[in-house]
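Heads up, there are several structures right after this.
Note that subunit A is present in both complexes that follow, paired respectively with subunit B and with subunit C.
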Partner chain A sequence: MDFPVFHLDVLGNRGLIAGIAVLHVLINHGLAVGLMPLVACMEWYGHRKRDARWDALAYRILFCAFIVTTTAGALTGVGIWLSVSLVNPYSIGSLLRVFFWAWFVEWLVFITEVCLILAYTLTWKTWREGAAKRRHIRLGFALGLFSWITMAIIVSILGFMMDPGNWLADNTLFSGFTNPVYLPQLAFRTPLAATMAGVIALVLVPFFVGRDDPFRREAIRAVAVWTLLFCPFIVAGGYWYYGAVPEAMKDNLAVSVLTLQFSGWLDEFLLLVVGTAIAIVVVVQVAIVRPGLVPRTALVLPLLAILWLTAHFERVREFIRKPYVIGRYMYANGLRVDDYALLRRDGLLAYATYSNPLTPAEQASVPAALPPAERAAALDRLQKGKDVFMNACSRCHTTHGVNGVADHLHRMFGNRVWTPDLTGDYLANMHNAQPYMPPFPGSQAELGFLSTYLEQLQANREPVPGAQQAGITVRPESGSKLAVGERR
Partner chain B sequence: MNPVPVPRDLPLPLPAPEPLLVALLIVFFLMHIVFVNFMVGGAIISAYYELRGLRERRYVRLAYEIASTITANKSIAVVLGVGPLLAINTLYTVYFYTANALTGTFWISIIPLVVIAFLLTYAHKYLWHRMENRKGLHVVLILAACAIFLFIPLIFLANVNLMLFPEKWPTVRGFFSALALPNVLPRYFHFLLACPAMTGLLMVWMFRRRSAAALVETGWQRDELVRAGYRWALWPTVAQFVVGPVVLLTLPETAEPARMLMPMFGAAMLLSIWMTMLMYVETRRPAGRIGASFAAICALMFAIVGLMGTGRHVYREAAIAPHRELVRAKTEDFARRAAEANRAAGVEGEGRRP
Partner chain C sequence: MRLLSWMDAAPHRGPVLNIVMLVLLLGMIGNTALLLCVGAATIAVSAIGGLRRAMRAMASPDRSHLPLDRIAIWLPGATALGMCAVALLLIVENPASSVAHSLGLVLFAFELVMLVLPSERPSTAGVSKG
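Right, the complex of A and B next:
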């Protein structure tokens, strides 16, 4: 529509965001929010017990976290932003205008966090004794607090995307920030981060403390106690969150039967939480009671479990807010709910600024033998169909890649010819059958164009390039030959 | 002639008065870019000294001193970049996101490239002593980081340049064609020269007051180090007197005349002449007095950078102001039509879902 369409036709646009975002969440929760307080606790404990082994272990764990968080951690945070602004500029642009000051404050906290982690790591070897050491320990706890605050702010924005609450009525930052999903989600993520840090530390300890060193058992037991301590809170937070989401979704979804489909996803999520917690508890219990018995490979198990849980949790979170990208305000295709009436009446393309040039493979789907006028008309229909596809479908779907429309059509219609009649009827009512799909945003004629475009996908398996490769053309009716063009 | 695309803006108001957002953008961008200069300049200078150190041992210690600054500066550079990114996303949504999308593959590759470069600088710093016997490989680490650091600014410059020229958007086919637009490369060289210059001043700041005991460890005299810093600052700045005017002359003509631009850059030029003379005088000063003009040089640099940053904004506004009016008109027109269509369909307020 108003931005050139960046498109990855093999990996899928959501794949790009998901890859970066999941990596970021794992690093942020596991190595920053959860691990910094754990490291500070180790340092404090070592100082209290006058036991330098704790200090040495804490520093080594911190150093690992320092390297990863200040490279991949910081950059994937920016990366989420860059990838979302490529894939769905409408949603991130809107979120920025609502949450600008929240983001701004989060940025100030982030600056503090980075300065603190630099100071905490780089002064470890010099602030060793007496008052300096006590100051250093306080620095560690401050770092933990600021890491948590950055997460606490961002979680609000994630909650907002699921359910904007009263913001839809009064449009203020406060009502957006205090959306109904916010606190339950924060209550879930906080112990999740602490537990994740515990299981990461459990994997790291054997790297830094030798097998025969009795301290290894002591350290594993202590870290296991930390991990176990937060497990019940994950389940409690998860349960609260589980209760808050359907409440929010009730407003989102008009038809009650559709809610069932979402609660299916939610039930799966709850089972995952409980299952993962049990798996972690079992390993951790053994680690507490018989730390010497736990082999290194067993310590990796809770880590894999919790990484998988977190990644899956993010996936479910992404899924259950559909068909919206911002609940009841904007659909996943980047089109505002309030614009639908106009777009359906006048057509999506009537207000589209750009067109996405046809590839040679797409052009070849129109028989060359047709009389020139007929061929030109067919190419024009195909072009319009492609533009509808790129604007209405391509934010979530590829043609033949991940979540490809061709696969879906094949599943539904098999090898029958995907004629416009066959697919058009389905597309018109798709959002009723599949509650996570937005309704078709364009006119009846455009539904026909889209169906024509889909038909050629049955034979044409060439990937469709996005604007980053193929560029764009300006739709003649939308451009302007005005004074601006007078530049030399 | 291609029609100039006129997209619609997002129909949400700016979250703050525009001048405030502009002030945030300019101030925080300048803070960000100074640390980027330290980071890139630090990598280049450290690599240079390490290469010299292959023949002359005393340079190795100096290379290590500079290398130690890169990793902290790079963290601050990244974190300070987020604020201006927030502001530019909000103020220039249509322009910035369009440029991003048109150069998308390279735009997103900034993330893995920066991660790799940062990991290389960490390896270079923290494996310094362990790789004593593998010097060649160790130099390769910092050279690889330099190569990445030198490439990434091209991606940013291609974007901030492309966003200013809506009439070029339909002609662009990927990153390299955006790179080929006039003015990108001169601006790149302008940035490149600023890196060793700023890092040279950082060196002066680092060594000017360092304790005698710590200086002995480096194996260098204080005045030698301060002079070396000033030389890094001086000669690239002299070269800016050629590159700067080229940047100015290759700026495409704006839709609206940018009247304030010439006086601002003129003032910056005069201050630069003054600053360069002071730098030159400093390099010639005896050991006892070297560094006496450091505060004055920093103040002048501060003023010059401020003028450049503000001038850059003045140019940007002049380039897109008329187009912005068209965007605004189109956005309002669309909002009117959407409201009217909603009224006709009776979906206002209740039952938003079609």
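Right, the complex of A and C next:
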């Protein structure tokens, strides 16, 4: 616990990461991985048919993608790693150690991708004829390939976080990279990206080709064919992927798609998912058979539907991994599974370098009338409880915001006073009660401190600022204990 | 009389009406086994029809050899068949009063229509409407 705890007490840390990550996935899959090959295909098709209209359309679509991927796409890509390393530096640290060379290659591939998209876009108007045009088309397919490789590398890391597989035994990059979830997930995401690109292009075509231009129907029909072509592979890939998800994680599925309160609605939700997928196919089918019949607004429907589906898919994927951030290796609170025995013996705080000072509202929960010595002791307990909370719970919970503990406690214990006696037993067993939570990591005394801290949340609804706002103090006891193998 | 002339206006209107009535009937019977038999038979018949049309399209002298154009001949029919199967699955797997069951019926009718509708030729798209 060598880093101060970054914390957002309203949105929740998960909300921050999820927001950035979902946006990035939509841009990356839809506008880069899927769209670049589609644009190259359009260019090639137009070239073969000697039909300049395809060329003009492809260029305009590419230009949109170019603007968005090089700005919002690149920013959110960096943003994911930035936000994740703020929220959980330990998991990123572990991933970096395992995937160092993969990330290094990723960087090279990404730079290549950026150069290619610049070259592809900027040479479009100059490499028009004969050999130059053919070279330009090849450039487009190379761009598509490199976009796919950037995704293919990162997907391995995502798979690793779900199930590190043999890496747990032999700790090699190779076995980490070829984790059991890797290929199934890649087989799912690749056609998903292609379909998403088709759906996006369907929305764009009417912007660039007039309603009365017969080419509009031709273009819509062609893009719809592309879109539909990959749908069966999504289903097949999805099926394979689902089979590769560890069994224990599937138990989390019900809570993951909704929240605890709604987990009984899983069937309705699944029906909604199936219905949404069917709606996409139906609109695209009509777009093929009667391209002139589909109004522009109807073409937006598949886009919204696929965005909704993908966002949910990512959310579920992130959630069902719980209680781990890296399957069976590290819990979502950033503590390694193997360190638990040590932490339970010595206490969590023995290894915590920083402390998050109490807010005035928290201090006010200790009666001012107490004799000074007693008050100081109570404040000290509260401070320890807060530090335990920040280290053990705050990566998944806020106090009163999204997934707030106070709301959970209120649901469980109502208006009874949340004394340590009342909550302590539950906390000691919380990983059994809710398998997506890690076991409590600290000592018995720390469980008491935590309960004390939770108790004051019943009356105190003030938000708790993270280290980024409140600053930190170095814990006086820190450094007295060092984890095995660690040196200062 | 109005109905008859409406049906004559476009050659596919008759079959579409037939399909809608068939599916309505199937839905009302509420016998899953019968539904499955009739459904499967309907799929098979439509599949053969679609296959013949696709073969003819492949053999037509002015066809293009580009992959997109070939895929465009096969894909719509194949998709409709696949979706018909999905629809039957929804119908059979869910109790008669459920949303999923009704969704299956609607989807089944829609996909059969997709199977019998002749595809619009893009080159003449502006001329022959609907």
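Operating definition for what follows: the second predicted complex is superposed on the first by the 446 of 488 C-alpha atoms of A that agree within 3 Å, B and C clash if a C-alpha of one lies under 4 Å from a C-alpha of the other, contacts with A are read in each partner's own complex, and residues count from 1 in each chain.
Keep in mind that, in the parts below, contacts are C-beta pairs under 8 Å (C-beta built on N, C-alpha and C of every residue); 3 or more make two chains touch, one makes a residue touch a chain.
For clarity, every value in this text was computed on a predicted model and none was experimentally measured.
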Side-by-side fit of subunit B and subunit C on subunit A, or clash: fit
Which of subunit B and subunit C A:Arg217 touches, first, second, both or neither: second
Touched partner set for A:Thr76, first subunit B, second subunit C, both or neither: first
Greater residue coverage of subunit A in the superposed arrangement, subunit B or subunit C: B
Which of subunit B and subunit C A:Ile288 touches, first, second, both or neither: second
Subunit B versus subunit C as contact partner of A:Lys49, first or second or both or neither: second
Inter-chain angle, subunit B to subunit C through the CA centre of subunit A, in degrees rounded to a multiple of 10: 130
Touched partner set for A:Leu271, first subunit B, second subunit C, both or neither: second
Contacts of A:Asn403 with subunit B and subunit C, given as first, second, both or neither: neither
Which superposed partner A:Gln444 touches (first subunit B, second subunit C, both, neither): neither
First (subunit B), second (subunit C), both or neither touched by A:Val225: second
Shortest span in Å between Cα atoms of subunit B and of subunit C, once chain A is used as the common reference: 34
Residues of subunit A at both interfaces, subunit B in one complex, subunit C in the other: none
Touching residues (chain side subunit B, partner subunit A) in the complex: 1-16, 24, 71-72, 75-76, 78-83, 85-86, 89-90, 93-94, 97-98, 100-105, 107-108, 110-111, 114-115, 118-119, 122, 165-167, 169-175, 252-255, 322-323, 326, 334, 337-338, 340-342, 344-345, 347, 351-354
Subunit B-touching residues of subunit A, taken from the complex the two chains share: 1-6, 16, 20, 67, 70-72, 74-76, 78-79, 81-83, 85-86, 89-90, 92-94, 96-98, 100-101, 103-104, 107, 110-111, 114-115, 118, 122, 173, 254, 328, 336-342, 344-346, 351, 353-354, 439, 466-474, 476, 478-488
Complex interface listing, subunit A residues touching subunit C: 41, 45, 48-49, 214, 217-218, 221-222, 225-226, 228-229, 231-232, 271, 274-275, 278, 281-282, 285, 288-293
Contact set on subunit C toward subunit A in their complex: 64, 66, 68, 71-72, 75-76, 79-80, 82-83, 86, 90, 99-100, 103, 107, 110, 114, 117, 119-120, 122, 125-126, 129-130
